[in-house]
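The following blocks contain the structures, represented as structure tokens.
Below, chain A partners chain B and then partners chain C, in two separate complexes.
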Partner chain A sequence: MVFSWVHKGLRTGVLTTRYPAVHEQMPEGFRGKPVLDPDRCLSEQGCTACVQICLPAALELKQEAPYSVRNDAAHLRSASSDCKEVVQSDEGGAGAGATQLTLDYGRCIMCGLCVQACPTGALQMTADYELAARHREDLQIVNLLEVSTEDGGTQDGGARFISPPREGEG
Partner chain B sequence: MSLQLFYKHRGVEKRAEGLPVELLPLVAERISGTSAFAHSLAFCQALEHLAEVEVLPRTLYLRTLLAELERLYNHLGYQADLCQATGLTVAQAQFDLWKERVLRLNAAISGHRYLFGMNVPGGLRCDIAERGQQALRELVAALRPDLETLSRLLLASSSHRDRLETTGILTPQDACSYGAVGPIGRASGVNRDLRRDHPYAAYADIDFAIPTLQEGDALARVRIRLEETMQSLALIDQLLERLPGGAVRVPMQRLPPGGSALGWAESVHGECIHWICAGQDGTLQRYRVRPASFANWQVFSLAVPGHNILTDFPVIEQSFGLSFAGADC
Partner chain C sequence: MEDPLDVETRDAAEELKDRVQRLFRHSLHIRHVDAGSCNACESEIKLLLNPYYDIQRLGIFFTTSPRHADLLLVTGPVTRAMEDPLRQTYEAMPDPRLVVAVGACACSGGIFASSAFTRGGVGEVLPVDVFIPGCPPSPLTLIHGLLLALGRGEQRMKGRVQRVRSSRPLQMLSPSGGEKERY
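Here is the complex of A and B:
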């Protein structure tokens, strides 16, 4: 009988794939990490559809207080180029009611309900499953609205995932 | 042998309270990942029964098909696990190979390797396209003859079989008194299966057999699982052949305040029962779930003592194939 198992095994051959050296493509429709296109997001106009449907509260919306109620020099900086820096500081937003949309990939369960709820298709599901990170913070508190896709920024807000070593790289 | 369960207690029942209806299946799925579809199915059936929503025929058939897919990959995995316990490594690889193929098919047709996110109150989140159905047909056609070969080889491998015969016996009397469910019960003479006895989804429309044995040892459990796997393949073929057309989802209605309903499904582990009660505001007020593993872990401690030796323990554990998370929920 051992002989027959040997036969069976040899006939099947080796089916082990070469991941991570060769990337494993997931099928179409596979639910990996969601990403946001900030240009289509309506959170600044008051839309909270994704935040409301998120069961593990991975998506969070914060409205920064308008600068006029704060008595500091932050409001003197220009709104566009220093926006990221100002929003992250404790001194409040540079504009009136700056919106901060964060997605914690550590909490996300990739259910895709936020994508379904989004009225403009700003949130999209990708098939990216390589979400390992070295530190918990690298997965979270990513201001999705601050990331411009024109300057090559990634739509996941630059969450610091570890990239697996690939063949022909490095 | 004393079991110390409930380290995986997560308060699932409490978490479900007050949630909007569309989020509830997400909670039910996560009771036990390997019976996620069965749990969300039972739960959605309870919701639909409570709200008096009748799902479409295509939904019933596809739900049955996905439930059998879940049963299929689990049974293949349990054979692999048992071969690992007995050191039959080529057999383990062969069964694991088939399990992986089914998981990849799951990912292709549902977006998730473990069929999460398919059941919604009112039907299914999405349809299974013709391409997915064809892939499923091809998988079944390839698996059936290979499974026959593997079963024959497995049951003739004395290094494997000798460790299963008379090991971890659960007597029919104990199985009956302690309410063992699922394949564990059926290997010990408890001739019960929700699919036949309380049909749900499309099970009333199709033909299948429920194998039962009396010996109650690990070998009986293996044979029940092998036979159930073959039955699942036959079920999938029938369902694909007779799949009705149409949509797969109807709108969900509001839950009547104060109403309650029962939903059930035969997962790979056995009977899963979900009871829900709606509050006055239309959200879930109380959720009570009895996963199959909760019933079966109790009989596990009966099967271990006796004439079994220490090295029989992994064999007994794998032959039971129970879910810790399912028991604790």
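Here is the complex of A and C:
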């Protein structure tokens, strides 16, 4: 019996992770840091699916000047004369009324509900687990839509997108 | 124009911080305090001691007394009942000491942030050196956070700029500082 234990131990070898020196591959289905692809996000078109479903309110949508106020007084007068234009003035004012999607990783519980709720698959969970930060502000991303996922490189295989699968990836 | 005395103080503080981090690289003792956690974080912290993660290989140990500890590991959103014990634990620790907040609750209050019976995060009570988000954070995230607190790890979260981790392994510093070391 003892010999079988020794045999098993010798056959198995060292199981301890070599983590800080060697990057650990996370198991299938591991939910790490969620990231957003701003090109596919529909929040500027009024989609709030992820914000509504976020349990700890880590995702927040802020709208600057929702009725696209222009400094131009003539525009305001003409707008107030026509009720329809005030409501739909978003297309008139470029820049004003911009949507600001903020994500606070300090609040995120990595539940993945936002990924399921996202109609376009813009939000994705990655297998990234190195999330520790020295400052609270480092965990807060103020304007998610301005941030490019290309920054830092997603092609190197370090971040594995889990769901939904992307085109062209095995 | 900055006061030269302020600059001097700041430089001295930086130098002291470097010295402290150099000292802690050799060996570090942790005191863990549960400040209203649901025990999910504890479950992951416990895993650090198993043969797979084995943080003792990195020179990090758990201790039972805050008087023997260098680092305070806090979980939970800091409930009213645990606020004073947490402060007392911190005061019982010898200087220099580090504080690490573990989990979404400790970082920001998490889903309990709006509750009247919590303080909404460790940052409201103690000066926190490293935040480890996650609900619960995986043991590898915990190792990353602890090494970050010791100046042996590299921070990947960059605030406004969202980055996905590169394939480059974590840069390790030897206790003497400088060159890479294999663990």
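The definition used in the following text is that the second predicted complex is superposed on the first by the 104 of 170 C-alpha atoms of A that agree within 3 Å, B and C clash if a C-alpha of one lies under 4 Å from a C-alpha of the other, contacts with A are read in each partner's own complex, and residues count from 1 in each chain.
Operating definition for what follows: a residue touches a chain if its C-beta (ideal position, glycine included) is under 8 Å from a C-beta of that chain, and two chains touch if they have at least 3 such contacts.
Everything quoted here is computed from the prediction, not taken from an experiment.
Using the contact criterion defined above for the overlaid structures, shared-chain residue A:23 touches chain C, although it does not reach chain B. In the superposed pair of complexes, A:15 makes contact with chain B and with chain C alike. In the superposition on chain A, A:4 makes contact with chain B only, while chain C stays out of contact range.
In the superposed model, A:139 makes contact with chain C only, not with chain B. Counting the residues of chain A touched by each of chain B and chain C gives the higher count for C.
Of the two partner chains placed by the overlay, chain B and chain C both lie in contact with A:109.
Of the two partner chains placed by superposition, only chain C is touched by A:130; chain B is not.
On chain A, the patch touched by chain B and the patch touched by chain C overlap at residues 15, 26, 30, 55, 109, 111.
Residues 15-24, 26, 30, 33, 35-36, 55-56, 104-111, 126, 128-144, 147-149, 151-154, 156-159 of chain A are the ones that touch chain C when the two sit in their complex. Touching chain A in their complex are the following residues of chain B: 19, 22-23, 26-27, 88, 90-91, 93-94, 97, 104, 107-108, 110-112, 116-117, 126, 149-150, 153, 156-159.
Looking at the complex, you find that chain C touches chain A at residues 51-54, 57-58, 104, 107-111, 113, 123, 128-135, 137-138, 140-141, 143-145, 147-148, 152-153, 155-167, 169-170, 172, 182-183. Residues 1-2, 4-6, 8-9, 12, 15, 26-31, 53, 55, 109, 111-113 of chain A are the ones touching chain B in the complex.
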